[in-house]
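I am attaching a structure below and will ask some questions about it afterwards.
So that you can tell them apart, the chains are marked A, B, C and D in the order they are listed, and the count of residues begins at 1 in each.
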Amino acid sequence: MSTRRRGLLASMGLAAALALTISGCAGSGGVDAPDSSGLGDIPADTEGTVRILMESVPDTDIVVDLVASFNETYPGIEVEIETLAFDQMRDKLIASFQSSEPAYDLIVVDNPWMDDFVDAGFLEPLDARIDSTTDYQPEDFFQPLVDITEVEGVRYGVPFYNYALGYLYRTDLYDEAGMAVPNTLDELVANVQQLTTSDRAGIAMQPQRGYKIFEEWANWLFAAGGSIYDETGNPTLDTPEAAAALDAYIEAFTTAAPANSSNWAFDEAFRSVSSGQSASMISYNWNLPGLNDPDGASGELAGSFALAPMPGGKQVLGSWSWAIPANSAASDAAWAFAAWITSPAVDVERVVAGGAAIRESTLSNPTVLESGFGEDYYAAIIAILSDAAPLSQGLGGEEMIQAVGTELSEAVAGTKTVEEALADAQAAVERIQR
Amino acid sequence: MTRRTNLWSVARALLLWVAALTVTLPLLWVALASFKSPAQLNDPGLVLFAPNLDNWARVLEAGVLDAAGRSAMVATITVAISVVAGSMGAYAISAYKTGGSATRFGILAAQVLPPAVLVFPFLTMAYALRLDTTYIPVIFAHLSFVLPVITWFLIGFFDAVPRSLEEQARVDGFSRFAAFRMVVLPQVLPGIGAAAIFGFTLSWNDMFYGLILAPTQETILPVAIAAFNTFRGVELGAMSAAIIIAVVPVVIASFFIQRRLVQGISGGAVKF
Amino acid sequence: MAEVRFNKVRKKYGSTVIVDDVDIVFPDGSLTVLVGPSGCGKSTSLRMLAGLEEISGGEIMIDGRVINGLEPRDRDIAMVFQNYALYPHLTVLENIAFPLRATKTRRADALRRAQDVADSLGLGALTSRKPKDLSGGQQQRVAIGRAIIRQPAVFLFDEPLSNLDAKLRVETRFELLQIQRRLGITAVYVTHDQEEAMTMSDRMVVMRDGRVAQSGRPDEIYARPNSVFVATFVGSPKMNILSGTIADGAFTSPSGSRIAVGSTPAHDAVILGVRPDDLTLSPSPTGTAKVALVELLGPRAIVHLDASDDRLTSVVDAAALADLPVGALVDLSVRPGALHLFDPASENRLIEV
Amino acid sequence: MTSTMSFRWAMLAPVLTITGVAVGFPLGYALYLSLTDYRLTSRGAPNFIGLENYLFVLTDPRMWNAFSNTLAYVIVAVALQTVLGLTIALALQKQKWIRDLTRAMLLAPMFITPIAVGLTFRFLLNDQLGAIPAALRSIGISIDFFGPGNALMTLALIDVWQWTPFMVLLLLAGLESIPRQPIEAAKVDGASAWYTFRRVVLPLLTPVLTVAVLLRSLDALKVFEYVYATTRGGPGIETETIQYFTYQTGIQFFRLGEASAVAFVLLAIVMTLIVILFRRLQRSAPR
């Protein structure tokens, strides 16, 4: 009886001892990082393999298709792209940093992770490379996207694609109702209420707890004249503007959103809009081509969708940036690929193929304007990207987003009042900042 | 009496029909979805339509079959190790009364530990031993929950085998281990089959350890299925096709084994 | 061919002594029965001999060799268990042949020898069956066949007949004995059934509380049990036991029963034992015992008697029953020379009268 | 024979070795981490901070909320599974017609990875896209399956869909291993079917039921994928389960030390429950 227990204890003790000896390895990611050459222009005869972890989305497919053309310039660099769904990719990426052996040579970084990754020393600073790359024109990137790559004045990435949000709506329904695109939050609420009929919702919303609700509501917050942070970086979530935005959000949800949609996220909302069961949604700007694609989910409704900036002109910005892990085994080759794919000329190709914009010049390029998604679309994107802000700043971005998203969800579910929820959100962000 | 019996058999048939429908309708929906185009997926009532094989093409192209093969391999190795080590250990526990009954349940308690916590120790070990490009870490992680369950399952089966069989074989000229292998083990084969299938299910379904610990570029099936849940929406059609690929072979297998399975479990396992 | 010897053999579980310094000799080629009530240590002794239980003290020797630390397989023994322990997954033939697999005998040879054994046991037609398709008696034979195929030095039987019905038990008893006699292999046989012990054994060892109460030829033990325990354990119906005094050729119990004992010397306090066959009844209107119940066994009958507070039994010829209706009063006497006297304190046999 | 001991340990050696590596090592390591301030983004060896993590999580209302959500989920899901599983097992036991096919089909849900089950139900229960709300609407019912007050129960129902088959499997085995005589005796005595079930079958089935319930409860405690696929813990924190909470804390928010402490608190509670359960079992079932 007790013999086995003793055996178990003994083996557990042994394991614990082993753990202590190995624990030196914990968090050692990046320690063995090879020194970066800091080179900007990478010689065309550079050899190496660049292993990249990317999100499995159409933007990645476009990049994959461009690899052949990259190899015409850099025949010695082999590009291996591993794609995973967003949530999986994140977990896998974090895990890969625990190794002292490089797992990936080039990665894409979502904006809330940037500060934490830099703080952990996971990423290579890129200032020297960016500034010494010939004809790179870094000033051409949309400034809000560049801001995200900057931590304490140092750039650790270059933009890959944006997911700034905007208002996506059905032009036929707006025309039918004789309405114009909303310019204020009140107009937005009034419009979507007016668009609501017995078999159609005025707006498909995404109140799923956590990331989704915060990402959507923050647009309402900006439209109400509020902000997430003030100039000094302190949260401003318990302001009258925030309360007005949350009230409006809840009013729209209860009066103009589809029935029984409390856990809806992007997927449900997109399906609802594309199938004609909702008249509009607030979502990523690059959804427009998909919605207007006759072979896509919209079917016969394709062509009747349009994009506009949020009322008030400011919206939420998300972005993916290329970054080189500090333990990259092929940082020069990695930079060669990152600089090539984001270079002005290749960016045009990428955007023509349907990739999301990162450069202002690309959107005024004649080839792009003729490519078929339409000048209005690119004009709207320029407007959107000129005034957009991310959800989080500084360390603990992910946690901050989840914390605020939880409080907002409580308010929508009715388990907290608007005031309580916002006060708690404010407190949570302040706690995380400390 | 007769009327009551009839009433019961009608109720019984009704119950089974409802249960069968509850199980099959969602699966049927998944099967239908695997043949729908994105636009057709938005229409839940659509049952009759021209089937579209794009999803299947996409799933096959995404290497779901390879992923299924890798999952089957990982699950088979995990289960094989668990059955060998588990049956030996279970016999020692059952026949020699090693450990009290509380220990028997205690074996299972570690099962509740969140994978989110255990995965990093596994990962550290994988890196430290330079095993991160092999399936060994995933297999070990799966062993951490499959082996205890299989061991625990089998203790009950061994409890049902008379001790005298082992003793007889030893007197007949065999070592204890030979007696175990040649005489005792054959008595619990059905139970081992049952335990193996259950263990296979656990390994086959695990996503999290597979995601973090499997070698890069070599995803296992649940990871491949979950990969259709992208940031730009769930690729329902493709995911449905992948689910069908994951389920059909196992259901066919379970059709053939389930009778033995139930009998196997009846042999023991549920006594303590 | 081997003699088995127990030398101060001891078995303890914790502080409980199960077998207490037992000395037994099992002569070569003999069939020795270990008999006693349950818990007396007989099975444990057998299992120590088989190597299935650890020996806590003393030595067990087979053919002069100490086998204490040996594995069962190294002891050259064969054993038949009470539940036969047939291997359920093997056929009759494979079961019988199984011990040969340990000796690396070629499969074909092993199966041929098993077939011979099966034929000799009358199992020839059943060799391809599985144990669950056999009757109890057939299973028993398979178990015996498996024990004899390897021609071991010692046979061990652990209550091998107790799962059979009464009729089959008597038949099998005889068969078993014949096989043992034919092979001449030393056999140790454990049973709780004294009748089985009496009829089968060359030597009988009666055990009680981990010790040997008495050992010897069965007829000797029957005739001269050395204690009240052995006296009552051996023989059926059970020996009548009464405490009391002997004076003037008669035994008197405190409750007033009287038994004529002939010329036995006087004892102030004594335990008297008399086998029912040796208790004679003579109807008498002044008798001290009364017929309470009569069980007819055919030519003989068991008569249950109330003698004051004592209950006694006597076995009589059926012919004598006419004089012994229920309620009849009888005088009791002991057949000459058939008296057993025991010391009331130690319960041991008193020196021969 | 000393070889009894050595044989026993030799037989246990593989399972102990593998368990030592596969369970003991991560367990020991996680225990160590739970005593440190380790973050996934921290460099170098973490600082030893004693029981600070434990003090923090034990006083964290979010942890207890997650715990009580999980408990409610487990109780509802396992209770329903037990009742349904037993009923279906009783019905299946007597069924002759296409017996193997029915049984194999009923087991199918077990073989789908839970994340896919969660995603499937997310859409099946979607008000605009799903077949189930469409069917319900036709009879005038409108439910927000993942809405406030409903979400946790919906998740429990998904669990019921996927894991009742396991219950059926075990209970069917239990029923088939019950000796015939007591049931026949009760029938001869003229007992009603219900009485026979309650007084004869159920007591005989108790050990099996206990094991089934225990296995299922331990597994249900690990609910993560359904939450991840559907509600992400919402609305509010209604469906935040202990595993989801640990995942967020440990991986999304990088605080692995703190998450490990939550894991050990959970382990301690589960162990205590098992021991209590076991004591009671031993008292009620003399054996």
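The rule is simple: contacts are C-beta pairs under 8 Å (C-beta built on N, C-alpha and C of every residue); 3 or more make two chains touch, one makes a residue touch a chain.
Here is each chain with its UniProt name: A = Carbohydrate ABC transporter substrate-binding protein (CUT1 family); B = Carbohydrate ABC transporter membrane protein 2 (CUT1 family); C = Carbohydrate ABC transporter ATP-binding protein (CUT1 family); D = Carbohydrate ABC transporter membrane protein 1 (CUT1 family).
Quick caveat: nothing in here was measured; it's all calculated off a predicted structure.
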| item | value |
| --- | --- |
| Chain pair whose interface holds the most contacting C-beta pairs | B-D |
| Farthest chain relative to subunit A (centres taken as mean CA coordinates) | C |
| Rounded Å distance, subunit B centre to subunit D centre (Cα mean) | 15 |
| Gap in Å, rounded to a whole number, between the CA centres of subunit C and subunit A | 89 |
| Euclidean distance of C-alpha centroids - subunit B vs subunit C, Å | 55 |
| Intercentroid distance (Cα basis), subunit B paired with subunit A, Å | 37 |
| Per-residue overlap in subunit B, given as positions that touch at least 2 other chains | 41-42, 93, 98, 120-121, 124-125, 176, 208, 226, 229, 234 |
| Per-residue multi-chain contacts in subunit A, two or more chains | 4, 8, 19, 22, 26, 87, 91, 98, 271, 275, 277 |
| Touching two or more other chains - residues of subunit D | 3-4, 9, 12, 16, 19, 21, 25-27, 29, 33, 40, 122, 128-129, 251 |
| Of subunit B, residues touching subunit D in the complex | 4, 8-9, 12, 15-16, 19-20, 22-27, 29-30, 41-42, 44-45, 81, 84-86, 88-93, 96, 98, 101-102, 105-106, 108-118, 120-122, 124-125, 140-141, 143-144, 147-149, 151, 176-177, 180, 201, 204-208, 221-222, 225-226, 229, 234, 236, 239-240, 242-243, 246-247, 250-251, 254-255, 258-259, 261-267, 269-272 |
| List of subunit D residues in touch with subunit B within their complex | 3-4, 7-12, 14-16, 18-19, 21-23, 25-27, 29-30, 33, 40, 84, 87-88, 90-92, 94-95, 99-116, 119-124, 128-131, 134, 161, 165, 169-170, 172-174, 176-177, 193, 207-208, 211-212, 214-215, 218-219, 221-222, 224-225, 229, 242-243, 246-247, 250-251, 256, 259-260, 262-263, 266-267, 270-271, 274-275, 278, 282 |
| Subunit A - residues contacting subunit B, complex | 1, 3-5, 8, 19, 22, 25-26, 51, 55-58, 80, 82-88, 91-92, 95, 98-101, 103, 266-267, 270-271, 274-275, 277, 296-299 |
| Of all residues in subunit C, those that touch subunit B in their complex | 50-52, 71-73, 77-79, 81-83, 85, 87-89, 98-99, 101-103, 146, 150, 156 |
| Complex contact set, residues of subunit B against subunit A | 38-39, 41-43, 93, 97-100, 103, 119-121, 123-125, 127-128, 132, 208, 211-212, 216-217, 219, 223, 226-234 |
